[in-house]
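Have a look at the structure below, then the notes.
We just call them A, B, C, D and E in the order they show up, numbering each chain from 1.
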Amino acid sequence: MNDIFKNSQPLVEIKNLYAGYQYEVVLEDINLTIEQDDFIGLIGPNGGGKTTLLRVLLGLLQPKSGSITVMGETPEKGRRRIGYVPQFAEYDAEFPISVRDVVRMGRLSSQRLFKPYSTEDDRVVDERLDWVGMLEYQDRAIRELSGGQRQRVYIARALTTNPTLLVLDEPTISVDIEARTQIYELLHKINQDGVTIFLVTHDLNVISSYVKTIGCLNRKLHYHGEKQITDEMLQSTYGCPVDLIAHGLPHRVLAEHKGGN
Amino acid sequence: MNDIFKNSQPLVEIKNLYAGYQYEVVLEDINLTIEQDDFIGLIGPNGGGKTTLLRVLLGLLQPKSGSITVMGETPEKGRRRIGYVPQFAEYDAEFPISVRDVVRMGRLSSQRLFKPYSTEDDRVVDERLDWVGMLEYQDRAIRELSGGQRQRVYIARALTTNPTLLVLDEPTISVDIEARTQIYELLHKINQDGVTIFLVTHDLNVISSYVKTIGCLNRKLHYHGEKQITDEMLQSTYGCPVDLIAHGLPHRVLAEHKGGN
Amino acid sequence: QPEPSQGPSDDGRLQVTVSILPQAYFVERIGGDFVAVNVMVGPGEDPHTYEPKPDQMRALSHSQLFFTIGTEYEDAWLPRLRETNPQITFVDSAAGIQRIPLISPHDHAGQETDLEKTDPSGEKGLDPHVWLAPANGKIIASTIFKALQTLLPEHADALQSNYDALLADIVALDEKIEGLLSGNMGKAFVVFHPAWGYFANQYQLEQIPVQVGGQEPSASDLAALIATSRKKNIRVIFIQPTYSTAIAQAIAAEINAEVAIVDPLAHDWLNNLEGVAEAFAAALEK
Amino acid sequence: MAELLSYSFMRNALIAGVLVSLTCGIIGTLVVLKRMVFISGGVAHTAYGGVGLAFYLGVNPILGAVAFSLVASFLMGYVQRQTRQRQDTLIGVMWAIGMAIGIIFADMTPGYKADLMSYLFGSILAVTHTDLWMMLGVNLLVLGFVILFYKELQAVAFDESFARVRNLPVDLLYIALVAMIGLAVVMLMRVVGLIMIIALLTVPAAIGSLFLNHMKHIMWLAMVLSLVFTTGGLLLSYFFNLTSGATIILIAGISYLSALLIHKSCRRCPA
Amino acid sequence: MAELLSYSFMRNALIAGVLVSLTCGIIGTLVVLKRMVFISGGVAHTAYGGVGLAFYLGVNPILGAVAFSLVASFLMGYVQRQTRQRQDTLIGVMWAIGMAIGIIFADMTPGYKADLMSYLFGSILAVTHTDLWMMLGVNLLVLGFVILFYKELQAVAFDESFARVRNLPVDLLYIALVAMIGLAVVMLMRVVGLIMIIALLTVPAAIGSLFLNHMKHIMWLAMVLSLVFTTGGLLLSYFFNLTSGATIILIAGISYLSALLIHKSCRRCPA
């Protein structure tokens, strides 16, 4: 889908990264390489620093030390090829704007400040709206949607940017099971079309079914690159007995669905 | 735990209820009875009206027609015995307030307007904070917590009200797997102690593992009272092929875990 | 196109607009029935939210003559009124009056006059309250008389006799005030807003203002003022009706004086000045 | 009616009404949607500091006002970017500091000063041709800015952090918007008065956002409503001899309250 | 220093500073945290309408001001409850309507009106004993209200819908709070001037919320800071011969900007 960057260089390289807020260091000595065509699932406990890592990746938060390159550039530059679905939408829920206008924002960029939207833009917007099943709602105001409907609109907006790398921070929060499955199927398809995906989630079902590589973040990056969740991984990340974690989620399922659909 | 209401009368009775917003009717002809000691899981697609139903139940939205009683009273009165965890927290994320103060709010009521908090209040707050694993964060400001940590604080606050009925609107959004399991175990325990629980969720694993009765809401209440999710239930609620919905969630699991832990 | 000086409200009288009420008195006395006067800042108008009303603007459109006098509000409004009403002849009714520098309380507090501060060379440092002295009243009357005479040549005789009558009244007023105040030469009175500089000049009194160039006094200004007032044995503090009395009350409480109202903008200029002179005389004799 | 148009002050006032309506409809919509109502008030009062400084330096007070309001816009934009402070607090502080600076400079200026406050007030009945040309200029500037950057402004107003990730010049756009508001407010308040500007910025857009779901539509409705308010207010004030500015505001205010009532009893309206 | 205290106007001013600081610290914290900075401004300007009406009816203008500001508080609270309109829009509209009513009534009143605007401006140097007693009364009222309902006010400020489900009298508390703000603002502005009130309501609490994480602590710090600003400003203005109100505000403003800088370079401070 996107071949601007089809050499063997990794998309993202993070080396010895420390980052955090004024009050505390949240990320310690992170080393992470995101290769092309990967589908990374990032898990980790609450407060583990997942959102913080994404903010650094998107150039919204300056690291305290260490280096980070996004497609060979600084995050501020490289992020133009990243599509982003935030964890908590930072938008104004009362803003009078239609679904279509929100999704079309994905077509904005600093390069085309003075140009109006093109018919090509409209085609892409239609397509993405269709993908997330919101085409029929395109003229509805965003303030009249339910939580899950809004979330789908945000995913459509991120897809509209034709990203090389798609970053999603728990994107299926309040999305129902049907839509959730559709969305993951969609991510799977996009990924096969050549978009690298970096997904933060708490949903181990998803991890086991769609994800190619797994990272576990709890201040430090505990695992990265494994293709399967093992008991030890969970144990060392979450630091608690695995049978509790895996309750309701038989290990068999993990193995069975790995990488398939 | 709470025996104010130990006769055989149902906790909530909803009859021929229509409700919605100025733009559209969202709930049509809802009939629902919540019996004591039940643990209801409410599923349904996005925009199905789950949050709307809760708002009616809590007296925050007036129904258009039909009747609703909460513990024999109007929702405005009966809600004092309901503990509530909202879908999207409506609080001000920047507000300078400690975790402990937030949880202690659960002890407020119109009856004790002029009385300060008691040591009994403090004991309850300690206990609830411990239950959700946030006791060590009690003096942290809420604005310094991660999304999932905040969610746990909200659950603790709802529990602090010693509710007869606990209503949760997708409470484990951005809560990690460990905490999620802990929270559901907690709900299970509370339920066994005599608190009725009404849970909105998209998580079928939870439904199959903990819930006693299931409701499926998509404008109309399609099923209510069944103890097990069947293919037909999902199909008629979501209106799509079941194998897609149940993807990553083998039916065997549903049966296996029903009602137990 | 020529502006409608013969508009619907035109009843044959000459339409004249003035800035403030005392000017209206002069114009009415001299013009008699031949003029209709339109006042821009009416009684008790609030200069902060001052907005001309449709009636005033309509009257302005019919006016041929506008007597200015150089008050505060004119700075902001005259340029606009001038531009929207090109048919009007603007006449400065204060023309020919020797303007004095505006006094600030420091002049008294420090005993020696601080002339740099009052900046007598600049327009801004000059006292606009020219109409508040009988001597200046004569000059204003003559300016207004000449302007009306040019526009109403057919009524020259009537105007002349009106003017003479007014002048006689002013001379009588002057004598009366002279009589009232001659025993108090060199004495000081305290006013909130420094409007009475010309009056003080003419009758050799000393004006001590509370306001500094139209601004609230600072704490040290107040302290100095209180010291001066005590020394000069001030018993009355004069304010004008459109100002808040709070500061004046505070000083009065401090020096055991009372607060009295004198109005610099009253319509009946002649009787008002006489009343003010009586109030000053009463205060100075205490 | 013909009589009314025979007066050039009325003709000017009606034209001024049209020009004010354009700016207020467009800028007002952005102001209401991005919740910047008080930025306009804050900028205007900060301008007072500039008037005071101009008096002190002996230059044209309008220059001082424009300079200060532009500086205030930049500062407000910059400080908010840098500290993520609450807007209302920042504006409150700027507001107060601006006024304080004005008063202190005026204090330090020797001699008599024409009432400083009058530089913040104007009247739609005393609009001159120069004013009209100046307003036309501001209108063209505002129109050009909004037409050129409509989609970006919408994106920034709706979701800043997404706009930032898309590498849109978010800070620049924000500051330009505040500067545009500042310029419009300072220019217009000289002409039609400060309270009228704030009312005309707020009310029409607020009514629009009650009933419409698209920023563009709200802008259109807001322009039409401002026009109705200014024209209606002018006519009423003419026939009943009331202060024009206050009459225009009263009509706007009553319309807003009626709109709230209508909206409440309307089943087909958006939330 | 002793010389300074020998003037009763200075003594009164210093006492007034203390009394203002108490109210401003407590109410200001609630105002800043609940983002109601402009409610205070809005209420004060609405009061102008009351002054105009009082002039028209020939009653005491302060009565009119208090009545209008209380009515405005109730209306503001009620309309917002009922329609969930944006606060800033509502306030902007009230603000403008209040002023417009004031102007129109004043217009219709024949004869002299003591400068209407002076009801919005005061001077800390002209505080009388009556004023001091009145301020003490307002202080006691505010203190009593906040001490009695501290936990409920915190709950309502933080999360209204939870407070509602707990059956707390949310609407009543909100309206009472706005009324308290209105009363405090109207009473104090007569004494120390409107811009000083808004600055003292905003700045100390804003500085407090930069560094502290608890509402109660912010209230304490805000009271101390107001006291420092008023006393410091008074002394400075005395020794350098500046306008007192403006000096107090300037000190507050400079402190706020310094606090922002310190906060930015501070690694141990909360977000």
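As a convention for this text, contacts are C-beta pairs under 8 Å (C-beta built on N, C-alpha and C of every residue); 3 or more make two chains touch, one makes a residue touch a chain.
Protein identities per chain, from UniProt: A, B = Zinc uptake system ATP-binding protein ZurA; D, E = Metal ABC transporter permease.
These figures come from a predicted structure and were not determined experimentally.
*Asks:* What is the shortest path, in steps, from chain A to chain C when you may only step between chains that touch?
*Replies:* Tracing touching chains, the least step count from chain A to chain C comes to 2.
*Asks:* Out of curiosity, which chains are bumping into both chain B and chain D?
*Replies:* A, E
*Asks:* Kindly list the shared contact partners of chain C and chain E, in label order.
*Replies:* Under the touch definition, chain C and chain E have D as mutual neighbours.
*Asks:* Could you pull out the chain whose C-alpha mean position is farthest off from that of chain A?
*Replies:* Comparing chain centres, C lies farthest from chain A.
*Asks:* Call it same or different for chain A and chain B: same when shared residue numbers make up over half of all numbers used at their interface.
*Replies:* Interface between chain A and chain B is built from largely the same residues.
*Asks:* Taking each chain's centre as the mean of its CA atoms, which one is farthest from the centre of chain B?
*Replies:* In terms of C-alpha centroids, the chain at the greatest distance from chain B is C.
*Asks:* Averaged over CA atoms, how far is the centre of chain D from the centre of chain E? Could you give it in whole Å?
*Replies:* The separation of the two C-alpha centroids amounts to 25 Å.
*Asks:* Take the average of all CA coordinates in chain A, do the same for chain E, and state the distance between these two points in whole angstrom.
*Replies:* Result: the chain centres lie 46 Å from each other.
*Asks:* Distance-wise, how many Å sit between the C-alpha centres of chain A and chain B, to the nearest whole number?
*Replies:* 28
*Asks:* So how far apart, in whole Å, are chain B and chain E when each is placed at the average of its C-alpha atoms?
*Replies:* 41
*Asks:* Chain A: which residues touch two or more other chains?
*Replies:* Expected reply: 21, 23, 144.
*Asks:* For chain C, give me the residues that contact two or more of the other chains.
*Replies:* 48-49, 51, 53, 215, 218
*Asks:* For chain D, which residues are shared contacts with two or more other chains?
*Replies:* Within chain D, residues 35, 86, 103, 107, 117, 195, 242-243, 245-246, 270-271 contact more than one other chain.
*Asks:* Which residues of chain E touch chain D in the complex?
*Replies:* 32, 35, 37-38, 41, 79, 82-83, 85-86, 88-89, 91-93, 95-97, 99-101, 103-104, 107, 117, 195-196, 198-199, 201-203, 206, 242-243, 245-247, 249-250, 252-253, 256, 260, 263-264
*Asks:* Going by the contact rule at the top, pick out the chain B residues touching chain A in the complex.
*Replies:* 21, 23, 43-48, 51, 87-88, 144-149, 151-152, 170, 173-182, 202, 204-206, 208-209, 238, 240, 244-245, 247-250, 253, 257, 261
*Asks:* Which residues of chain B touch chain E in the complex?
*Replies:* 58-60, 76-77, 79-80, 82, 84, 86, 89-92, 95-98, 101-102, 104-106, 108-110, 113-114, 116-117, 141, 143-144, 157, 161
*Asks:* Which positions of chain E touch chain B when the two form their complex?
*Replies:* Touch residues, chain E against chain B: 33, 35, 148-149, 151-152, 154-155, 157-169, 209, 212-215, 218, 270-271.
*Asks:* So in the complex, which bits of chain C are touching chain E?
*Replies:* 43-44, 46, 48-49, 51, 53, 215-223, 226, 241-247, 249-251, 253-254, 263
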